[in-house]
Amino acid sequence: MLYGASYGLLLCIISIGLVVTMGLMRVVNLAHGAFAAIGGYLAMGLLTPLGVPFGAAIAIAVLAVALFSIAVERVLYVHLYDASELDQVLLTVGINFIVVAGLTLAFGPNVLPTRLPPSLATSVDLGFRSFETYRLIVLAVGIVVVGALWLAIERTSLGAQLRAAVDNRSMAQSIGIDVPRLFSIVFAVGSALAALGGALGAPLLPLEPLYPFKYLVLVLVIVALSGFGNVKATVFVAMFVGIVDTAARYFLPDSGAFTIYVLLIVLIVWRPEGLLSRRGVT
Amino acid sequence: MIGAGSPFLERHRLRPIEAAWWLVALAFFFVFPEYLAVATSVLVMALFALSLDLLLGFAGVVSLGHAVSYGIGAYVCALINLAGWHEALTGALLGGAASGLFALAVGPLILRLTGLPFIMVTLGIGAIVYEAANKAVWLTGGDNGLPGVTLAPLFGVFRWSVFGQTGYLYVLGWLLVLFYLCRRIVASPFGMALQGVRENPQRMRLLGAPVLRHLVTGYAMASAMAGIAGALSAQTNAFVGLEVLSLNTSIDGLVMLVLGGVGRLYGGLVGAPLYMFVQHFAQQWNPYYWMFLIGGLLIVIVRLSRGGLLGLVDDLLRRVRRGEGT
Amino acid sequence: MSVPALEATGLQKSFGALKVTDDVALRLEAGSRTALIGPNGAGKTTLVGLLSGTIRPDAGQISLHGRDVTRDALAFRVKQGLVRTFQVSSLFTKLTVLENIFLAISENAGASHDLWRPAGRRRNLIERAEGILERLHLIDTRHRRVSEIPYGEQRLLEIAIALALEPKVLLLDEPAAGIPTDEVGVLLDAVASLPPDIAILMIEHDMHVVRRFATEVYVLVHGRVLTVGPPAEVMTSPEVRAVYLGSSGQSRFAGEAHGA
């Protein structure tokens, strides 16, 4: 159960960025996983060969990805906001290709072995079962991040602007909200979150150059089921996916892998606007 | 002349320049006999890309799961063959039929969706089918695939040589026939209606058009064609592996089509060789450089408009004509 | 009295908290020429949307020639003869005029099942298309793209397409909107020349047009039907005048009263 929860929260972190991005900017960003991968690789690259302390490595990686993503957003994504779905798919797939190629060039085509610093590679006995400390840390960080994010969105003015812009972009613009700047900020945050997920999750979700493509389906599933821009739903959906997937693999080793996919198809066909959204106007 | 001046109503007219592609393809057979095996796979991918063009370029359906149709055709054809039926033409047709049936079953459900939800469902279906094939080792051979596809001589006369001569002409023949079929479909009233659905589905409904039915028909045809391509792959490689069902293959097809130009029928036929060419030569340089190139090309194409190679040619021609003073 | 061409009862539609259509009843006999007027925001276009099937009602019933079509899909209603046009042109802009109308004729004739014969060789369909274009004086621009023809002609094309679908009930949403006054005549002639057995409902703001065209007028205000009656009666009704606040509204009626 805990495995599922930590897995779920991890997915959640990665996915939230995408939920907001898609909700706000209406861009099909298939390259979101690429930012996660870059974050993961950077963090590991800082950690092992250079011996940078764990927390710092992750923080640096996240920051670097955030800055990088702003550049990418200004140069490439800005053109996608009014483009067709196909164009969005193609451009982001193109970015994926480039990132995968780059990562392979830099780190080789195999899975990157990640070794946790000794202080974290222990287990904690919670009375009824012992769990890896790391998973508990992931859980903790996940809860903190999600909580902070929720607070930011619900309580701050930036959050209010974001919610307004998601609801009705042109309206928001006409009351003076600087939408392009908002986009850049949101995109950076979204990518940073992805990087956090990638870096934090490296021991749980192994890093390999094909990372962006591998988890693509799962992340998109979560985003689709949450409805775009609906952050609260993402938390639930991601947790749900994480737990169901882990449980299915555990209890039904043969068919576990595709339980989640079957569920996805059923759910999407049944409720294309997302699970928890209200039925809109035709 | 009836309809002269309205492009859609002119679609059925053959233009002399079209012969160029086919002549080059035929010439290749004589000029580069040592590359026929590779060229045959290029032709198979061209057919796959063509089927995707019908779906994407003409029906406007953005699918990231077209490899499923391809893979079903491949596996069905291989299984029939391994069960004892070695005739080539019918084997391919049966593969296509299987894919067509799949589309008829799934289409009515998923084609109600559009945009992102639809893309996701196609991804999801692709993932499920892949996993299912992976697990069903008794049927698909799992990771090892299905080797040993052998074919009886074509028309009872032409033996399948190791050098791939029969294979190349066989696939080229299929491509020609299916291309012609596509051409007719696209120029027919149904084809026009399908393109109308692509442009403005709600407007088509307001004309009384059975939009879902049109989409399902288009999807079924594209799927059947992809299935035949898959079957041809199985036949000419004498092997089928899980690759045929992968997201990779779906994306490959999409990229090839976009490189050549969407919605032009010849897009896939031009894009496939281009893609394989880039892949082949860039790979000699460094195994991963080609991904850089393709990624870069995609970005460039999107930024400059999606006409692809053929679009570029069209633009140039238009500029030349304008330069000559109209 | 025979079965009405179109009948609606108890139609309700709300968007969130806003009630846009409030218990509306409507009846069109075959051959009727009915105008639907009302101030902006009264819900006229929504009503047409409900009748045609683009919008689903929250409550109420719609029947076409006695047959209940409330649950029926848009395309189905069109096939039954219920056709509408749009206030803002909704045409296939990248296609030519001829191609636009060809699509309509093709669907109407059931030709869209034809996978094999080239569209360009279907003489009978093309001739039918050109026939309609001729009637609406669009024949000369038939090979031009819709995006390149003047707006007035686009509106005419909308009507042409509606005609191509062989309607029994025609719902026109401000057909003359946006057309320069000197070209309105052509459009009105086209409407006047429509087959007499079709029932036509027209949303209009221009009272001249209403007077010329309608034998019956529905006045819609805040989603409710205020009154129904012949044009002269409705336009001199003090109730209706009160509704059209502002000088522009009053002068519209003032112009009528002085026999403009």
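Letters are used for the chains, namely A, B and C, taken in the order the chains are written, and counting of residues starts over at 1 for each.
What we mean here is this: contacts are C-beta pairs under 8 Å (C-beta built on N, C-alpha and C of every residue); 3 or more make two chains touch, one makes a residue touch a chain.
Nothing here was measured: the structure is a model prediction, and the numbers come from that model.
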Chain whose averaged C-alpha position falls nearest the assembly-wide average: B
Centroid comparison with chain A (C-alpha atoms), farthest chain: C
Gap in Å, rounded to a whole number, between the CA centres of chain B and chain A: 33
Centroid distance [mean C-alpha coordinates] between chain C and chain A, Å: 49
Centre-of-Cα separation between chain C and chain B, whole angstrom: 43
Chain A, residues touching no fewer than two other chains: none
Set of chain C residues in contact with two or more other chains: 54
In the complex with chain C, residue positions of chain B that touch it: 2-13, 184-185, 187-193, 196, 199-200, 202-211, 214
Interfacial residue positions of chain A with respect to chain B in the complex: 22, 28, 76, 79, 83, 85-87, 89-91, 93-98, 100-102, 104-105, 109, 213, 216-217, 220-221, 224, 228, 254-255, 257-258, 261-262, 264-265, 268-269, 272
Of chain B, residues touching chain A in the complex: 56, 62, 64, 109-110, 112-113, 115-117, 119-121, 123-125, 127-128, 131-132, 135, 247, 251, 254-255, 258, 262, 286, 288-289, 291-292, 294-299, 301-303, 306
Residues of chain C that touch chain B when the two form their complex: 52, 54, 73-76, 78-79, 83-84, 90-92, 94-96, 98-99, 102-104, 106-108, 111-123, 125-126, 142-143, 161, 165
